[in-house]
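Per-chain numbering from 1; labels A, B, C and D assigned in written order.
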Amino acid sequence: MPASYAYLGPEGTFTEVALRTLPEAATRELIPYVSVQSALDAVRAGEAEAAFVPIENSVEGGITTTLDELVAGEPLMIYREVLLSITFALLVRPGTKLTDIKTVSAHPAAQPQVRNWLRANLPEALWESAASNADAARLVQEGRYDAAFAGEFAAARYGLEALETGIHDAENAQTRFVLVGRPARPAAPTGADKTSVVLWQRDDHPGALRDLLGEFASRGINLMLLQSRPTGAGIGNYCFCIDAEGHIADRRMAEALTGLRRICLQVRYLGSYPRADIAPGEAGPTPPGTSDEEFMAAADWVARCQDGRF
Amino acid sequence: MPASYAYLGPEGTFTEVALRTLPEAATRELIPYVSVQSALDAVRAGEAEAAFVPIENSVEGGITTTLDELVAGEPLMIYREVLLSITFALLVRPGTKLTDIKTVSAHPAAQPQVRNWLRANLPEALWESAASNADAARLVQEGRYDAAFAGEFAAARYGLEALETGIHDAENAQTRFVLVGRPARPAAPTGADKTSVVLWQRDDHPGALRDLLGEFASRGINLMLLQSRPTGAGIGNYCFCIDAEGHIADRRMAEALTGLRRICLQVRYLGSYPRADIAPGEAGPTPPGTSDEEFMAAADWVARCQDGRF
Amino acid sequence: MPASYAYLGPEGTFTEVALRTLPEAATRELIPYVSVQSALDAVRAGEAEAAFVPIENSVEGGITTTLDELVAGEPLMIYREVLLSITFALLVRPGTKLTDIKTVSAHPAAQPQVRNWLRANLPEALWESAASNADAARLVQEGRYDAAFAGEFAAARYGLEALETGIHDAENAQTRFVLVGRPARPAAPTGADKTSVVLWQRDDHPGALRDLLGEFASRGINLMLLQSRPTGAGIGNYCFCIDAEGHIADRRMAEALTGLRRICLQVRYLGSYPRADIAPGEAGPTPPGTSDEEFMAAADWVARCQDGRF
Amino acid sequence: MPASYAYLGPEGTFTEVALRTLPEAATRELIPYVSVQSALDAVRAGEAEAAFVPIENSVEGGITTTLDELVAGEPLMIYREVLLSITFALLVRPGTKLTDIKTVSAHPAAQPQVRNWLRANLPEALWESAASNADAARLVQEGRYDAAFAGEFAAARYGLEALETGIHDAENAQTRFVLVGRPARPAAPTGADKTSVVLWQRDDHPGALRDLLGEFASRGINLMLLQSRPTGAGIGNYCFCIDAEGHIADRRMAEALTGLRRICLQVRYLGSYPRADIAPGEAGPTPPGTSDEEFMAAADWVARCQDGRF
């Protein structure tokens, strides 16, 4: 297995910063790829041990290119997630003043996050889209644009300075990244885990989706993401990418997945992994009747009934 | 183990007739008891191998004395059920004519079944309640009353003749009887089985009972009886006696019972046994996604996911 | 309208005592009837303004003779309920001592309530059933039995004295009585009401009963009684007598009943009336989203949407 | 009201073709806008009577820029939808042969639809993204690129010819467009309608989303689209854009929306309009118990019960 992680490049982006928060990243070669698809293909082809890609953010919701790659093709599994707060710095060549700025650049995804700041501070500046925020910084370095919105960490790499930092229109703007590898045994439960699956309905009738969600609800499992994605079978045909609280090693989750597998046309398991929003062990108790102990006691009781010993 | 069956006596009642339809009754001593309670106590005390008692009829519904005995006290289990169509004969001393009849007798439970017939044919006759229909026949034999409503089979025993047979106000009048023993391994599934349980709610809130029933419904299990019984904790406090289609050896039933055990304050298993209303193997297929095969395939898939092999 | 109330007699029973707790009873002639059926028939025939009968007790649960009368025949409605705590006195002829008592009598329904007391205090006494507790007292007066279990209030009527009072095996033993009349506008809501209905399922399939109960649950309505009763269409065919919190004038209850009427084969409305277990206005707030105000605001919003004004 | 429709331009795209299938488009001035946002802003500002924009396609699912515009800001309503099958033509300057093509251009959204065709037929051609397919055609006309993927209808406008038509990787590729205006009374039901709403949950707990969907399911309403969108309150906070079968003038839909309004934090009504996938009147009967007639009969029954007349 090659000791390398593919990630959505180029270097100097939020993705790389997020990846470096993972302790295991320190011991791997980190290789930027031009797209989510190419990074995941590298994993599927065995060229990389894992790929690190964005999957959800607080502005766009589920990132569809990543979800679509996970939904289709050779199965992959999520092993880790990272949450990164996204705030921008305005990077300029040293000496540039705010009043000098006529053109600004960044990846289009940055635009909703800096729009208000621009309107208030640089209402006349012309927006030029770049392939990535890092690329925008490079173009500022080259003198093509006057300023770039990027992570503050990108300043040093491109010989720029941050004229302003902490720019963000939406409070709590965060992006969630995942580390994706080929299927293997999930990491052990930590007491604060999340399970990702994709569900395809067997048929569509009133209550069909409600009944799918009932498999989680009746076992006290909270949902953290529900993102529909087209199945490719024509408009109105969707599968559902779901993140749910808990680990497949938890009895309630295992039973919920068993139920879904029975009633769905298809279920794709995308992994169980530690939640990044809370610390291990901090998930709190499950609702009454849904702990492993209660599941095992109940199953034991049924087994005794089956034997007539009770 | 004593080779005897206790049954609700006296001799010559529908209960005895129903009991004798069981092949195993031919090889046991059949002992009449004066009450359901005493028959079941005989089983609990080890004096009888099993007890045969009525549990439901089409006029009264669940027979509360039997249900209450099963709900409380030392656990018992149901091993067999028998359905008997109930029609009455009008038994008289030989030679009695309809116009001679001034008094009629039977157990009070017979009254709703013969009321219309009486109104049409013997509007002037005086009703006298007896402790059982067989007892009424005996009292006719002794000359105390002119006629008794009882099973036609009782005529010979008491030297009476049936002036009329097939009397029943309600079409499809049936009584269901059960053979009850101490807990042991249930009989093997026959492909047309029923499972009986008693459920006590953990607490009472909007949706509490719906959620209990959801444990059956979400696994495609049909209910055949739901009878509430007071818990003894004061008015408005009920437990629920439930008969559901299927056998505890069926995966869907085992999982439903596991779920109920988790979310209920208490569950009492009353047995899984062949249905008397249809023949073995005639229960038909379970709803999509609820067969043993589908349960096992789904559980196997979850196990493979837990191992990362899929 | 005749200014009389029929009640389940004879005089001197708990039923009469319960009836006399109703202020309106003071201005009516109170007429005992020999059976629940005859009392209700008197109402149906216009001979009595209303009938007062037991409908539920903490030992027997729903009283089936009453329920069956309400389920079938000419529609009737419940207007009031009364809860009465049931404790027995041991009534004897003046001068009788405990050691003198060889025979005791009461209505059979009293037996479960005094069994433990008898075992502890009169283990040798012979039990003789009577048609009512009042009748047992009369038979003691006549010298036929030595003691009767009855309400303490019956002592004076029959020239007896209470050798012991407050006898009850089960704590919180209560009987619920209802005042039943011909259909008319229900009494106004009091802020602590109950609605009674009978439901017949359209068909029987997995989840059918759960879905009926869902009409209450999804509107935050708690159930207080669910009693199945045979429909007469053969064994296993049941309708459901349900008491639910709230008044038909409450929006959530009206909508729940609308839903039930749509999905049931049949619904019989049995009335909305003040709860006897708590005081007017004490029912507490309904769950979030289910108050009249919220229903009306939501309906108003939908009406505005229908008009395109929002 | 200005007699103009704004649409997502430029001219010569699939959006314009779809718009022109609407009879009412023939009598309006059709004005292209550079973005969905600017087209909808024109409506909000009163500069256009309505805007015509894509909202869903079989490759991308819900089009998030359009949904996000409808979810937030001044309320708008959907009045019509159009479904358009999407197949591409390869447009070239007259005389160009397949072997001459070194560069191809189109909007990035076209790429997933032509990828396989390119791989099979022009594996060496260089892909150059354009702002729209129409813009790609213009750039071919100008000689900048050799070929453009666009609708066949764009050939004439830019003096090009279609070297190949009917190019599409996915069968059944369709885009759904909507005509959006300021709130007004929805068009009358046609017997095949759809209702669009946005739901915000009051809180997040196990079963919360299932219960929202239950408001549709319990009234027999099928869902056609469920697309989660971030609320802006941080990662993991979503609202749900839902398309459901039926019209707000239908009783079952009106009641479902009433229920949602009660239990949701917020509901935004986006309109009821004729379905484009089936003809008026072809929606078929609603499930048992959910027709307008059944709703009205049930509500009438409840009203009679409230009055005591039944």
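Convention: contacts are C-beta pairs under 8 Å (C-beta built on N, C-alpha and C of every residue); 3 or more make two chains touch, one makes a residue touch a chain.
Every value quoted in this text rests on a predicted model; they were computed, and no experiment measured them.
Under the touch definition stated at the top, chain B and chain D share these contacting partners: A, C. Counting steps between touching chains, the shortest path from chain A to chain C takes 2. Across the two interfaces under comparison, B-C and C-D, the one joined by more C-beta contacts turns out to be B-C.
Between the CA-based centres of chain C and chain D the separation comes to 57 Å, rounded to the whole angstrom. Between chain B and chain C, the centres computed from C-alpha atoms are 26 Å apart. Multi-chain contact residues of chain B (touching two or more other chains): 211, 214, 218. If the chains shown are joined wherever they touch, the resulting network closes on itself as one ring, and no chain has more or fewer than two partners. Going by the touch rule set out above, the chain pairs that meet are A-B, A-D, B-C, C-D.
The touching residues of chain D, counted against chain C in their complex, run 75, 77, 183-186, 202, 211, 214-215, 218, 248-249, 254-255, 257-259, 261-263, 267, 269, 288-290, 294-295, 297-299, 301-302, 305-310. Of all residues in chain C, only 56-62, 64, 83, 170-176, 204-207, 209-211, 213-214, 216-230, 232-238, 240, 277, 287 touch chain B in the complex they form.
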